[in-house]
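Input: structures, listed below.
What follows is chain A paired twice: with chain B in the first complex and chain C in the second.
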Partner chain A sequence: MTQTFSQKIARAVLYAFLLIVFCGPFWGILATAFNSATVQPGQLLAWPEDFTFRHFAYAWNEAKAYIYLFNSIVVVVIGTVLQTLVSALAAYALARKRFRGMAVVSLAILSTIMLPEEVISIPLYLILQAKIPLLGVSLYNTYFAMILPVVGWAFSVFLLTEFMKAVPKDLEDAARVDGASELQIFWHVILPLVKPALGTAAIFGFLMIWDQYLLPLIAVDKKELYTIPVVLRSMRVDEIMQVNIFIAVTVIATVPSILVYLALQRQFNSGLTAGAVKG
Partner chain B sequence: MGAVLVNNIGKSFGKVDVIKDVSITVEPGEFCVLIGPSGSGKSTILRLIAGLEEATTGAIHIGGRDVTRLPPKQRDIAMVFQTYALYPQMTVAENMGFALRLSGMRKTEIAEKVKAAAKLLELDQLLDRLPKELSGGQRQRVSMGRAIVRNPTVFLFDEPLSNLDAKLRAQVRGEIADLHKRLKTTSIYVTHDQIEAMTLGQKIVVLRNGRVEQIGRPMDLYNEPANVFVAGFIGTPSINLLHGRVRVNGTTKAVELSDGSHIPIKAGFDVTANQKVVLGLRPEHLTIAARPDAEGISVKVTAIENTGSDMVVNCEKPGLRLVAAFKEQRSIEVGQAVTIVPDHGKACLFDCTTERHVPFTTDA
Partner chain C sequence: MLFKLRVSPWVVPWLFLAPALIVFTWFKFIPIANGVLMSFHKVKFVGPDEWVGLNNFQRAFGDGALHAAIGHTFLYVIISTVIGGILAFSVALALQDQARHVRIIRTAIFIPAVTSVAILAEIWRIIFYPAATGVANSFIAIFGVPAQGWMADPDQALFVVILLEIWKTVPYNMVIFLAGLAGINRELYDAAAVDGASVWRKLWHVTLPGLIPAFSVVIMLSFIRGFRVFTEVYTTTGGGPAGRTEVIMTEIFKTGFERLDYGYASAVSFLLFAFTVLLTVVHISIKNRIDRF
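Take a look at the complex of A and B:
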């Protein structure tokens, strides 16, 4: 398609605008984090005046950002794996089986999206505090307290359900005749065919768990179990903490998300569009 | 003892009885075809035998074992689906070896068996391809290969040729016949194409509305259909069904058609004078009289379909339509008046109310 000169200009302006809107804040954070002189709260720089790694070094060594980064990574990795697995299994049942009470189960899962986090925070707190029968311990102040509540996520259940519904019934029957058990059908036939959707669900799940703030706040009160978002909050209210260091931790917090996105970008995009043209 | 015994099975989906009291015996090595119009329950019966559906009533035995309540994998069957149902993410070799892999067979052994089956079906060159890289005919062959590799007691086919074009269909039909001659595996084959049924089947089961209408060898169904439905279903072009009344004149019997013409019938038919009947005349058993005043049905030609080898002539007179088929070319034209003479010995006769074939008198 040929474009006139003015069309090209309009396009360039539009891209520049979008770039500034989306990347501008991130650039500001980077510039500020690498700037040696401290800035006032609320201030962002467009360009570092004198470049330094000092704030990062401080954030890492003195503010011990690695502890919180590690906590976040433990929670997000185990959480994403479990969440995707559980969602896939739930989706398999919802998409491929007919069972009594199916509508009720579906509705129950759906209702978890409709309730805001804040509404369930107190009951959740009480549950996490409660001692587990037989074991006699509570989940409170453990990694599990931050992981288990995000393992069931309606969004990824429904995303995968839709994709699994599209797998032809004959394939399942063929596998059954070939001697596959229920679990083998799930593993060898259904899962490979919904791979793009699985990738999409995993990325969304990763971002969702990485951004959890209220949950870790409810689930743990030991500082050494804090995740990055929680620790950022506690730094922000810390009077003596320099803004640049706070921002350096913020940069550290965004790195994993960006890495995951870049690594799985192709998968992500194909997963988003795969539903449109089934194939 | 049959290889597959289906004993009075019934199947309901909710309140709807889809299969009603069906019994079929398939002998070891036999090629049995299930045929019937759409919705008659062919696929459902096949899926019941495969174990993909559970029978509501009745029992199924395969190879002498009662498998009624067993899952598909314990039935020792292999199935070829209408859609082929190849696993899209697996190569041809992986598709064919999947069942063996699940059974825990060693990799080298699987590769060997897959190779042997691929050779049989001329798939050797395609083993590393994915299903989407194959033509329709090749996919069909892979789905057969997947069944053959397992060497099961029974092959089940659900309309395996319906997604192929006419030419390929005839070719693959021949290949399936060849394969069966070589492997001699008991097969149950579902189709709604009566040419497939006649050419492949050693036994044909005609179904309607979930019931068996007739079971028999192809030529028995053709020569002596049990009822009007089977007569109409078997044979192309379809049989001419003409209503009339029996006239008895001493020892000779005839059917008087609505137009007044008399068609003689075999004296052996157990009919009474004036009985209302349906006369079945196959198009290929009709000839055109050399002289227009010969005894027969005088009609006017309305259409001629000429395929080169066959000539199908549609004729008509008020209240009566006839289709005649000839193997040799005739010089007839549309609009011409002709006299059609049936081959009396080959006419079928059905009672008008029961629609069943009229029996022969024992003393005849």
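Take a look at the complex of A and C:
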């Protein structure tokens, strides 16, 4: 396609505009967090006037950003792994087996796809505080309270079920003739064949868990267990923190998901597309 | 080597389903059932709950604060869906090129979509700081516009929060539209070009019809996200100023967790859930009708 000079200029202006709108604010908090002098509230700099690591050091050591970052990472890593594993196990039964009660189970799980988790926040809060039968302990104020409620996710179960249905029966039969157990078939035959779908499920799971706010808010009330999105608001409301330090904490909070996204960019794009088409 | 356990065949699927069934039962099914039960009760913290029949639901129909919140929620959903949808579609058209620099821009503008809402909200509070020092106010000052209150101004607050929703969802919806654009048969464009169709006619007769499934996904996702919106509002304005950004979920949260009126909060939650199910059913039936053509 040939473009005239003015068309090229127009395109460049459009690209610059999009970059400023969608990335500019992230650049702004980064530059401001590195600026030595304290900025006015609401002010963001395009470039630090005199460069310093001081605010990050304070945010990390004194404001203890590392604790909240650690909590967020524990929740998102364990949550994503468990969610994908539990979904894959359930999908295996739903896709590769025919059994009595299957229709009821699929319908029950499917029905929660339409359920906005927010509407069960009060009964969920009560059940997190209740003692678990047999164990006699409550999940409230533990990592489990922030992790276990997101492990069951209908979207992930159904995504994996769709993909597992497409695996030819012959492969499974061949493994069975060779004397493979059910777990071996699941682990060595089916899972490797649906690897891209596992990636898609894990990426959606990661985004969903990383974005959780209401759940960690109601699942714990000990500050040392807060995840970083929850602690941001409490730092702003409860402690009046110096502007640059608060911005440094915000930068620390944005880094992990951006790094994961940049590292897995290709998988993100194909995964999001596949998920959008299936959903 | 995985150990082998001899079990009768009918148990096998249930063993695979067991972990999922346990977490779904404990964290979804039981809370749903308890929520429904609570909505017919006045929940007491000492002694048994009191059965109040449909009182909580009747109360919802006469609750002015709730009606205001429902109004704000509808505004939120409609504006963010329409404007966000049009913007995402336009950005997708502008960035559908496969050139390297366009790919890099697509990657870069996706950053708000992978950042959690609570963090975006803090960035929004800095940009729309209601004094002359704020980023947005310094920007409009260039054009001689006086400083605005933004989220501190009762008339503007809701729109600034909607803008946050649009900021986060446009990159995400752009990806869905790009997938749709990639799926349109190239020959249709060639045929249109042979017939001498203008750019606008190609857009209207080839691109838009080919994107109907993408529009359907984007609208549905936006509706589902919008009616349950909580974090975007709670972390930016908290429902203020003067309750002008209160939405259904922040109202439920305050009724439940601040006023500790579990019964009424559950009844309103139940109504919101019923409405979401209704929306989904309508969406599926419309989708099936379109698919038949």
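Note that the second predicted complex is superposed on the first by the 239 of 279 C-alpha atoms of A that agree within 3 Å, B and C clash if a C-alpha of one lies under 4 Å from a C-alpha of the other, contacts with A are read in each partner's own complex, and residues count from 1 in each chain.
As a working rule, a residue touches a chain if its C-beta (ideal position, glycine included) is under 8 Å from a C-beta of that chain, and two chains touch if they have at least 3 such contacts.
This structure is a prediction, so every number in the text was calculated from the model and none was measured.
> Clash or fit: chain B against chain C, after overlaying the two structures on chain A?
Overlaying the two complexes on chain A (C-alpha atoms) leaves chain C and chain B fitting together cleanly.
> Which partner chains sit in contact with A:D173 here, chain B, chain C, both or neither? Use first/second/both/neither.
Touch status of A:D173: first partner only.
> Quick one: classify A:Q184 as touching chain B (first), chain C (second), both or neither.
both
> Quick one: the Cα-centre angle at chain A between chain B and chain C, nearest 10 degrees, please.
100
> Return first, second, both or neither, reflecting whether A:F53 touches chain B, chain C, both chains, or no partner chain.
neither
> Quick check for you: in the superposed arrangement, does A:A93 touch first (chain B), second (chain C), both or neither?
After superposing on A, A:A93 lies in contact with chain C but is clear of chain B.
> Just chain B (first), just chain C (second), both, or neither: which does A:L193 touch?
The answer is first: A:L193 touches chain B but not chain C.
> Which chain makes contact with more of the residues of chain A, chain B or else chain C?
Counting residues of chain A touched by each partner, the higher count goes to C.
> Can A:Y66 be said to touch chain B (first), chain C (second), both, or neither?
So A:Y66 meets neither chain B nor chain C here.
> In Å, how small is the closest CA gap from chain B to chain C once the two complexes are overlaid?
Closest C-alpha pair between chain B and chain C: 8 Å.
> Show which residues of chain A both chain B and chain C reach, each in its own complex.
In the superposed arrangement, which is not itself an observed complex, chain A uses residues 181, 184 for both chain B and chain C.
> Which positions of chain A touch chain B when the two form their complex?
168, 170-171, 173-181, 184, 188-189, 192-193
> What residues on chain A touch chain C, complex-wise?
14-15, 18-19, 21-23, 25-26, 28-29, 40-44, 85-87, 89-90, 92-94, 97, 99-100, 102, 105, 108-109, 112, 114-116, 118-127, 148-149, 151-152, 157, 181-184, 186-187, 207, 210-214, 218, 228-230, 232-233, 236, 246-247, 250, 253-254, 257-258, 260-262, 265, 268-269, 272-273, 276-277, 279
> Across the complex, what residues on chain C touch chain A?
Contact set of chain C toward chain A: 2, 4-5, 10, 12-14, 16-17, 19-21, 23-24, 26-32, 34-35, 38, 91, 94-95, 101-102, 105, 107-112, 114-119, 121-123, 125-131, 133-135, 137-138, 167, 170-172, 175-176, 178-179, 214, 217, 221, 224, 227-228, 230-231, 234-235, 249, 252-253, 256-257, 262, 265-266, 269-270, 272-273, 276-277, 280.
> Across the complex, what residues on chain B touch chain A?
Answer in residue numbers: 47, 50-52, 71-73, 77-79, 81-83, 85-89, 98-99, 102-103, 146, 150.
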